[in-house]
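Think of it as A, B, C, D, E and F in the order they're written, each chain with its own count starting at 1.
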Amino acid sequence: MIFITRRERFNAAHRLFRADFSDEKNLEVFGKCSNPNWHGHNYELFITVKGKVNPETGFLINLKQLSKLIREKVTDQLDHKNINLEVPFMKGKFASTEVLAMAIWEQIEADIKALGADLHCVKLHESENNFVEYYGQ
Amino acid sequence: MIFITRRERFNAAHRLFRADFSDEKNLEVFGKCSNPNWHGHNYELFITVKGKVNPETGFLINLKQLSKLIREKVTDQLDHKNINLEVPFMKGKFASTEVLAMAIWEQIEADIKALGADLHCVKLHESENNFVEYYGQ
Amino acid sequence: MIFITRRERFNAAHRLFRADFSDEKNLEVFGKCSNPNWHGHNYELFITVKGKVNPETGFLINLKQLSKLIREKVTDQLDHKNINLEVPFMKGKFASTEVLAMAIWEQIEADIKALGADLHCVKLHESENNFVEYYGQ
Amino acid sequence: MIFITRRERFNAAHRLFRADFSDEKNLEVFGKCSNPNWHGHNYELFITVKGKVNPETGFLINLKQLSKLIREKVTDQLDHKNINLEVPFMKGKFASTEVLAMAIWEQIEADIKALGADLHCVKLHESENNFVEYYGQ
Amino acid sequence: MIFITRRERFNAAHRLFRADFSDEKNLEVFGKCSNPNWHGHNYELFITVKGKVNPETGFLINLKQLSKLIREKVTDQLDHKNINLEVPFMKGKFASTEVLAMAIWEQIEADIKALGADLHCVKLHESENNFVEYYGQ
Amino acid sequence: MIFITRRERFNAAHRLFRADFSDEKNLEVFGKCSNPNWHGHNYELFITVKGKVNPETGFLINLKQLSKLIREKVTDQLDHKNINLEVPFMKGKFASTEVLAMAIWEQIEADIKALGADLHCVKLHESENNFVEYYGQ
């Protein structure tokens, strides 16, 4: 069993807020992250897949294909976008890094299986000081 | 003559656009950076000051004071904000990294002189692949 | 289950030595790390907590509170200090990175539970080439 | 149980290809990585060992010894070398990062046990965007 | 006057040697860098251009165009290649980082002028510990 | 004219204080950096030399020799040491990063000239947020 990780990046705007909270409540719970005029990040995404090395090719998965899949299904939809307003797979969801990591898992799990590997971890950095990891359950 | 650099960071939303351009023209000139729904970055700011080492203290400038100045005059006004809409010293200015670096220079040059040093360079990273430097002229 | 990591930093002096060893024995076992005049590091600390996303807030733990906790219980007591001489929770302990990581675990485990999450890992970098991880057992 | 990681680096040339494939097939499967004139990388290697802290020394393993072992058994044989042509422990093996990580595991597992610890993970970065991890099974 | 830097990367093989030296002399002068079987690096290239901010666009140069230029004229010709054997603009030149940085300058200086800016610096990292800078004279 | 930079590292303890100040005055001026029990850093040192590329060797300076010089004259004397107490070339000097950078310049300027290049810059990082540069005047 070998684990392979591919890093991709995207820059996006977002805010933390709940529609069922008043502005005051949003500010109290989420602080400056709830700014109605948005703020943004350079997100770093690490997708880890696992599986057996293919005896035919000598590797587990074609990294070009993995990178292409992550771009088409994830980063092209997030890059230079507003996560709250414009990202189909985040529609109706809370735009925290935690929820985003879980949504990215849903977005690519089946496609990675189709490439012959298993999705192991979605790791998402919001800044140099904060990141989340999701293992699918 | 010694040069001292302090790094500070801020996360903000912005877009590139000109009010006197049509939406089509903005898209043509600025591409996805003109997205009307905004995008954002983790900006890294490097402020370099220069001067003679103070024989009394053994250093050029008190880094705590320099950091406090940069936060009050620059990063507190930018962090978790929308650069186009909410930053007083960027009002009416184009929200590119180039223009922002020049505006930051104006914002702190006199105060750094008051601390006993000269501002030498404002370096501003928009991403790991792009940064600008401004030397005041 | 989601995993969230917060990075904090501190600069400290230390030395590796045992009071029950002679100077020669300390030098033989610990090398230059046993220098009686101390040396020091910029330590990087990564605290990983785990738990379920709170349906009320959309995240697992308030990162501001997590950061505040780490500072009060850990980094404020270590930053610009001598680990062998001045850090209450290291009193009588060997000042290696391994032992420090385990002591940091003890220092915050209960408080993180009180915030509604479980401590998962204490990762401590002593330099760009060396780090330790402790999972509580 | 504590986990300790040591980073070492090496620069090497390699290519991805199978002798039983035609040039066209190699190019089709491995793309530009199959260039017959070679290309190369600055590899970063992270060796993680695990075990109990030694009550005599206060640490799990002597990092100087661990570093010396990794250099003698691994990086001295790879640094400034051609992985396909000159590395004894890669002879007859496919020169992918996956296979190289597994071969490094074989190369040091027993020696780390002799130092009093267990090898936990071989992590090998080929670039800032790609890395593999191997846990021995 | 503003300075803008774009980072691009390439992975390549090379060796240091002179055809007019014997193998022994090459080994004596260039050490393991003269290995006849090649070695390689992940090179990081920083291209800095300078000029006045364009009042029409609000920036100095279109970074998309700058990136495209660097790729076409420089990194596409170097990536996954052997610098000694396959790079047209290095033909007959010594494959050191110094000479490569100077050759990259020649390769893009005129094209950057055509984009409306002046080339200021070519900075080329061979590893995390070594880099060269060339300013055109 | 080409500029070449070599990075070296050292870990050391220090404190900021003046013997002619009272403890109170030291604390007032230098804050926690004056802790009488010391603190420490992982220092990163970047030595930049400049000169013409040697037509005989194809490079400006032998990096192995440059690295050896920096280690013998600078980092071996600082690594795992107390800068205030144990470093001959810092004897009687204030242990700030500014003064240390200037002392390192004096320590290697003549030797670099003997290697056939000119010392251009001593850059010294005390942390990821603070660094100084000295150009010899």
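The criterion applied here is as follows: a residue touches a chain if its C-beta (ideal position, glycine included) is under 8 Å from a C-beta of that chain, and two chains touch if they have at least 3 such contacts.
In this text the structure is predicted, and so the values were computed from the model without any measurement.
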Pair joined by the larger number of C-beta contacts - D-E, C-D: D-E
Option reproducing the contacts of A-C, where over half of them reappear, out of B-F, C-F or D-E: B-F
Distance between the centres, which are taken as Cα means, of chain C and chain B, whole angstrom: 34
Approximate Å spacing (C-alpha centroids) for the pair chain A, chain F: 42
Euclidean distance of C-alpha centroids - chain E vs chain F, Å: 29
Where chain E touches two or more other chains, by residue: 128
Contact set on chain D toward chain C in their complex: 1-8, 48, 53, 57-60, 63-64, 67
Chain D contact footprint on chain C (complex, rising order): 16, 18, 29-31, 94, 96-99, 101-102, 128-135, 137
Touching residues (chain side chain D, partner chain E) in the complex: 9, 11-14, 32-33, 35, 37-42, 79-82, 85-86, 127-128
